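Across the two complexes that follow, chain A remains constant while its partner is chain B and subsequently chain C.
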Partner chain A sequence: MDIDILARGLVAGSLYALVAVSFNILYRPTNVFNFAQGELVMLGAMVFASLATVLGWPWYAALIVTLLGVGLLTLLIDVVAVAPVLARSQHGTGWVITTLAASLIIANGVNRIWGPDPIVVRPPAPLTTDTFSLAGMTVSAYQIFLVLLTIVLVLAIEQVYRTRQGKAVLAVAEDREAALLRGVNPLRLSHWSFFLGGAFAGLTGVLAAPVLYASTGLGPALLLKGFAAAAVGSIGNNRGALIAGYLIGVTEALGASLLSPGYQEAVVFLLVLCVLLIWPHGLFGRPFARTV
Partner chain B sequence: MTMASNPGQTGELLLSVENVDVGYGHVGVLEGVSLSVRRGSIAALVGRNGAGKSTLLRAISGLLTPSRGRIVFNGRTISRDKPHVIVGAGLLHVAEGRRLFRAQSVDDNLELGVYGLKLDAADYRRRLARVHELFPVLEEKRGLPAGALSGGQQQMLAIGQAMMREPVLLMLDEPSLGLSPLLVDQVFAAIMALQQAGTTILLVEQLVERALEIASEAWVLQNGRMIASGPAAQISASDELRAAYMAAR
Partner chain C sequence: MAASVAKSRSLPGLLAQAALVVLVLALPLALDPNGYALFVATQLGVFVIAAIGLNLLAGYAGQVSLGHGAFIAIGAYATALLTVDHGWSFWLAALAGVVLSALMGVLMALPSFRLSTWYFAFITLAFAQVFEKMIVEWRGLTKGFAGVVGVQPPSVFGHVLDPAGVYWLVAVIAIIGFWLVNNLIRSRFGRGFVAVRDAPAAAQAAGASPARLKMLAFVIAACFAGVAGAFFAVQKTVVTPDDFTAEFSIFFLLTVVLGGLGTRWGPVVGALVFFLVPELLTGLESWRMMVYGAALLALMLFAPHGLVGAARSLFDRLRPKQTEPAAQPAETVPPEAAHVERPAISGLALEVKDLRKSFGGVVALGGVDLSVRPGTCAAIVGPNGSGKTTLLNVVGAYYRRDAGQVLLGGRETKGLSPQQIAGEGLGRTFQTPRLLGELTVLDNVLLGAYRRERASLAGTMLRLPAAASETARLRAEAMELLAFVGVADRADDLASETPHGHQRLVEIARALMGGARLIMLDEPAAGLSMTELDRLEQLIRRILALGATVVIVEHHLDLVASIASHVTVLDRGVVLASGAPQAVFADATVMAAYMGERALNEQAPGQAADDAATGDVSRPRPAPVEGA
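Showing the complex of A and B:
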């Protein structure tokens, strides 16, 4: 067996974990899954690739514009497609269709503007995608950076929930009505969470671009596996999402190598199915165990 | 009954509920209900289970919107305001069952008590110290999740959390529910301490006798209608009303 599988799995797993975290950021205050997250990651990759590679902007300028742009678009999704649905009924599920609609609109729009050709994105110096040998694995400096940065980002997002606004988000997640009675305006928190979750999805796209290339096909695969990572890691649990992302990434790489690349998706979702059959709330339990 | 109007404006109407109808969907719960609370007083709202006491509190705090009538707090109509706006105006509702954030620590729950207020660090510490003075156990257990506290400690946390905000009017829904007699004494002592510090209180309490002891005025709700109101001592003395608010045992 090829030990490179581990490296490939960890790199893919990092991206799944990041998508899962972006799901969680939006889910916590709203109990909504934004099914446009996959296309937002794709959009982030495309915008960054166009600004940095095609127009030759410095990477940090392209990064800032990408994060703000995708964040604001996600905020718009909340204002137009999610908040009005929840205003009618807090437990309604109309957002499933409205966020899918947003997803399709973004995918079609991006296809019209950019077309199907992938754009090659090089990471900023000194990072490169040139490979070298490390402990028997063929890796690149960028891959190592990506795996480490993912861990840092997940821990950083957890720190957001130590601020007063973050605690209010957790309060809304645990008991929305009780949070209302403490003066929390849930609409404001949900707008902020959509902006942050969108910017995080855009960042995921930027980070994915050098390893996967920026292309319009990125969205659906990252959506499904990112969602799987969120579910396996227990919805709302970011550390769980990190571990589940790696689990799914490594399983996928193993499946591709031991069976055939044609079976890698089947192996991944077989794993997800088994985990969820045994632990319906994911590996890390319910986010908020409530005794009534 | 007359009330002297003091320089501190004690006695002026702080909250008035005027002829409101409230329901859930098409099911009416309250019909033509009125109630008023004077600034600086303790008012008791009594009635049997299902009379609509909690529904009335939920309408006042904005969780429910009355289909008819008007609610005025501190000179301003709040009947159509959102809950966070009403909290911002100084009207705080501690719901039945405490409704703490069980996954978060005692300290975090107290911090959420001042959500939306811009306090400097010294003011925050002063408020925290006042809560700790009244309920020392909240200092001992500050790092524990609220869900790990006993029922009595959770009730103290719920009241402490409300105190952090220093509300103008505090509505307490069944603060003694499930507490041992000793803890009930502590909770009632806390309510009286709050009133002496200037907070107006609207109390819904299953221990009616005790509520009427500390209240100056009382309101009796039966089947969604306000059937009587007056000085708490008078309400307490009426055998006829006793039947309306005492649970059938």
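Showing the complex of A and C:
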């Protein structure tokens, strides 16, 4: 067993944490766990790859268009598939099925447009995916950048929740009606959350592209592992998601090297089952109390 | 529009069902015994079996399984491997498959049952995804991509079944499965499932454990999937990983949604329609998932109860409107309302000592004492946010207390779940009525009897005489209670279509149905008209006259002053005053806390109680202001 497992685990874990954070952004004010999130990450990777690699746009232009595009599509999911179902009944299984339906539509649509071949994406100029040896680990500059950027992003988002707007988000999560009375418009907040959660998923796709390649098959695996990170790290808790992401990334890398790469997902799944069996609300507490 | 759990069985309906059974069983006589049509018909039967189980789980219990294909795969692989490789008989192998499928299901479901519904959806989705990979990877067991070849049909009394025989077997099992599940849906379990889906707190108030009900629904669904899987293997004779992709699970979900989630005929109709459609979809193979997704989305948005639901609402609209009962004002009191004799209730005492509960930094209850003697009515009043409902929720164990004692009939309730406390005789209503809108008023009252029913699961599913007579007895009692609260004329209406005032009365009937000896009413007068308020007051008096204890949280101080023998005023989580109503309402501090200073210049509620002795009011130390 080599120390490379740790490097691989941290890189993959950072990506899973980012997916989990995109779940959380969307979940906190809406209590909706978007089943289309995995495909949105994939879409972000594909759009960015097409613009930056295939069309040769500068990376920042491609990035902006990707974030806006995926964000708006997610907003559309809220307007078409989630808000109408939630208006009919607050609790209920409706949005599980409608967001899953959105996921199927996106996956099939993207597959039709781009086909199965992955697109290689190079990181912007000073960063490269060329590997070198660092403390016995084989890493690339981009991988180090990715791990550090993830930490920065998680901390930055936690700061946002401390602001006035951020507190409004949490208020709606606690009690939709009470927040309404205080002048917070839950529907508008919900639309914003979908937009931002989607844009973040797009960003995750962009960041994942140089590591995983942009391919239409990315969705389901990222959905599963993003969920794993979010659930193990306690839903809504972004720092928890980061640590859980690392845990899952490393476990997966271990499983792949000890057993076989084919067992990766089974190992992650078992880990999630065990954690939830012992700590139903994840490793990092229970941020919100449910009300009767 | 939506399915009623208990539908009266009409003669034409029964005849139609009998005709359908005959038609289904006679089908092979009209088909080529080795032809494609019979093959497809058998497959349809297999899918109906799986869909019936999934509909029970997702439609009635509200737990969406996105990986149902994996449970069918377990049944199919177990049957195929055990018969082909180990020479087991089909029946033993199928049994093993069913047990294995149910066990895997329990394992999968255990962690998610304490969490929100979507966890379950996610875990089943992930399970199917992992399982799909595993059957390819774990070659030693599953033979990888090659799959298991040469599954033999079962034999009955030494005869190996021909394709028509397999069809008959599948058809009979599908029909029996349909019957069993329908019996279950009509029973207390069915009402419990719907309660878990629509109002888990109401299920708990009725003494039903949501976790156990979810588990039951899941085990039954997994068993059906296991049976379907066994026949899937037999019917196809080859089992390969390609049969059980993620698409397969989505296909089942769509089948059930298409037919109508939570409708009795939904799975049958859905599977039938779906079998006609793929012929149309062959040209659109590469668009299949898009079509599935669009169909799921459109159905959930425009026809949440699927084809069956849509047909039913169309039928309701076309049917000539008969004498509309809604034409008369909702408030008229049926004349017989007051004349129902009910057996006496031995009321429970409630003793609350130094009860504490905080949410984060906010102290909701900062050491509350309350003492209610059996058979009396105690009122809890106080401004919004003073902790009244929290007090009820902690007493009922809906919230876990931080510290303090709650004695119900002299017994400490610490560690009991809400449903166990309900079983001890604590009934309650909710601030906003938690009725099951898609069930009738009568069914809502019957939900209250959940814990009293003795019939076993098997007895219920098989409609054994003991279970049937118990059902009839409870039904009569529920009707009597509806008459007692004065809404007997609404028994067959859907709860969602009854006026708000009636819904509150139905909740009280539900609590009484559960054998409540202490009833907690959470703002029962909110939103009632003057007439309805009168009726409510009379009803509470009659409940008290039977001997039950009543704890009422209420803002309507006239009502409180008239029925309560003891009033407790809460303010910011502590008892501001308690005592006889006249004395408490005469207390200046109470009025200041409750209504603001200006109220002091006006008259106190109830009687003009200026002369009442304020000395009777026991006032504890001033409220510590915390968490502000």
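Operating definition for what follows: the second predicted complex is superposed on the first by the 288 of 292 C-alpha atoms of A that agree within 3 Å, B and C clash if a C-alpha of one lies under 4 Å from a C-alpha of the other, contacts with A are read in each partner's own complex, and residues count from 1 in each chain.
The working rule: contacts are C-beta pairs under 8 Å (C-beta built on N, C-alpha and C of every residue); 3 or more make two chains touch, one makes a residue touch a chain.
As the structure is a prediction and not an experimental result, all values here were calculated from the model.
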Chain C versus chain B on the shared chain A, clash or fit after superposition: clash
Touched partner set for A:V184, first chain B, second chain C, both or neither: first
Broader residue contact with chain A after superposition on the shared chain, chain B or chain C: C
Partner chain(s) touched by A:A266 [first = chain B, second = chain C, both, neither]: second
Partner chain in contact with A:A168 - chain B first, chain C second, else both or neither: first
Touching partner for A:S133 - first (chain B), second (chain C), both, neither: neither
First, second, both or neither for A:Q159, with chain B first and chain C second: neither
Colliding region between chain C and chain B, picked from 74-82, 110-118 or 236-244 after the shared-chain fit: 236-244
Chain B and chain C contact sites that coincide on chain A, given as residue numbers: 289
Touching residues on chain A, where the partner in the complex is chain C: 33, 35, 80-81, 84-85, 88-89, 91-94, 96-98, 100-105, 107-109, 112, 220, 224, 227-228, 231, 260, 262-263, 265-266, 269, 272-273, 276-277, 280-281, 289, 292
Residue ranges of chain C touching chain A (in the complex, touch as defined): 58, 62-64, 66, 107-108, 110-112, 114-115, 117-119, 121-123, 125-127, 129-130, 133-134, 136-137, 197-198, 201, 246, 250, 253, 257, 261, 286-290, 292-297, 300-301, 304, 359-360, 393, 398-399
Contacting residues of chain B [partner chain A, same complex]: 61-63, 82-84, 87-88, 92-95, 99-104, 108, 111-113, 115-116, 147, 161, 165
Chain B partner contacts - residues on chain A that touch it in the complex: 164, 167-168, 170-171, 174-175, 177-185, 288-291
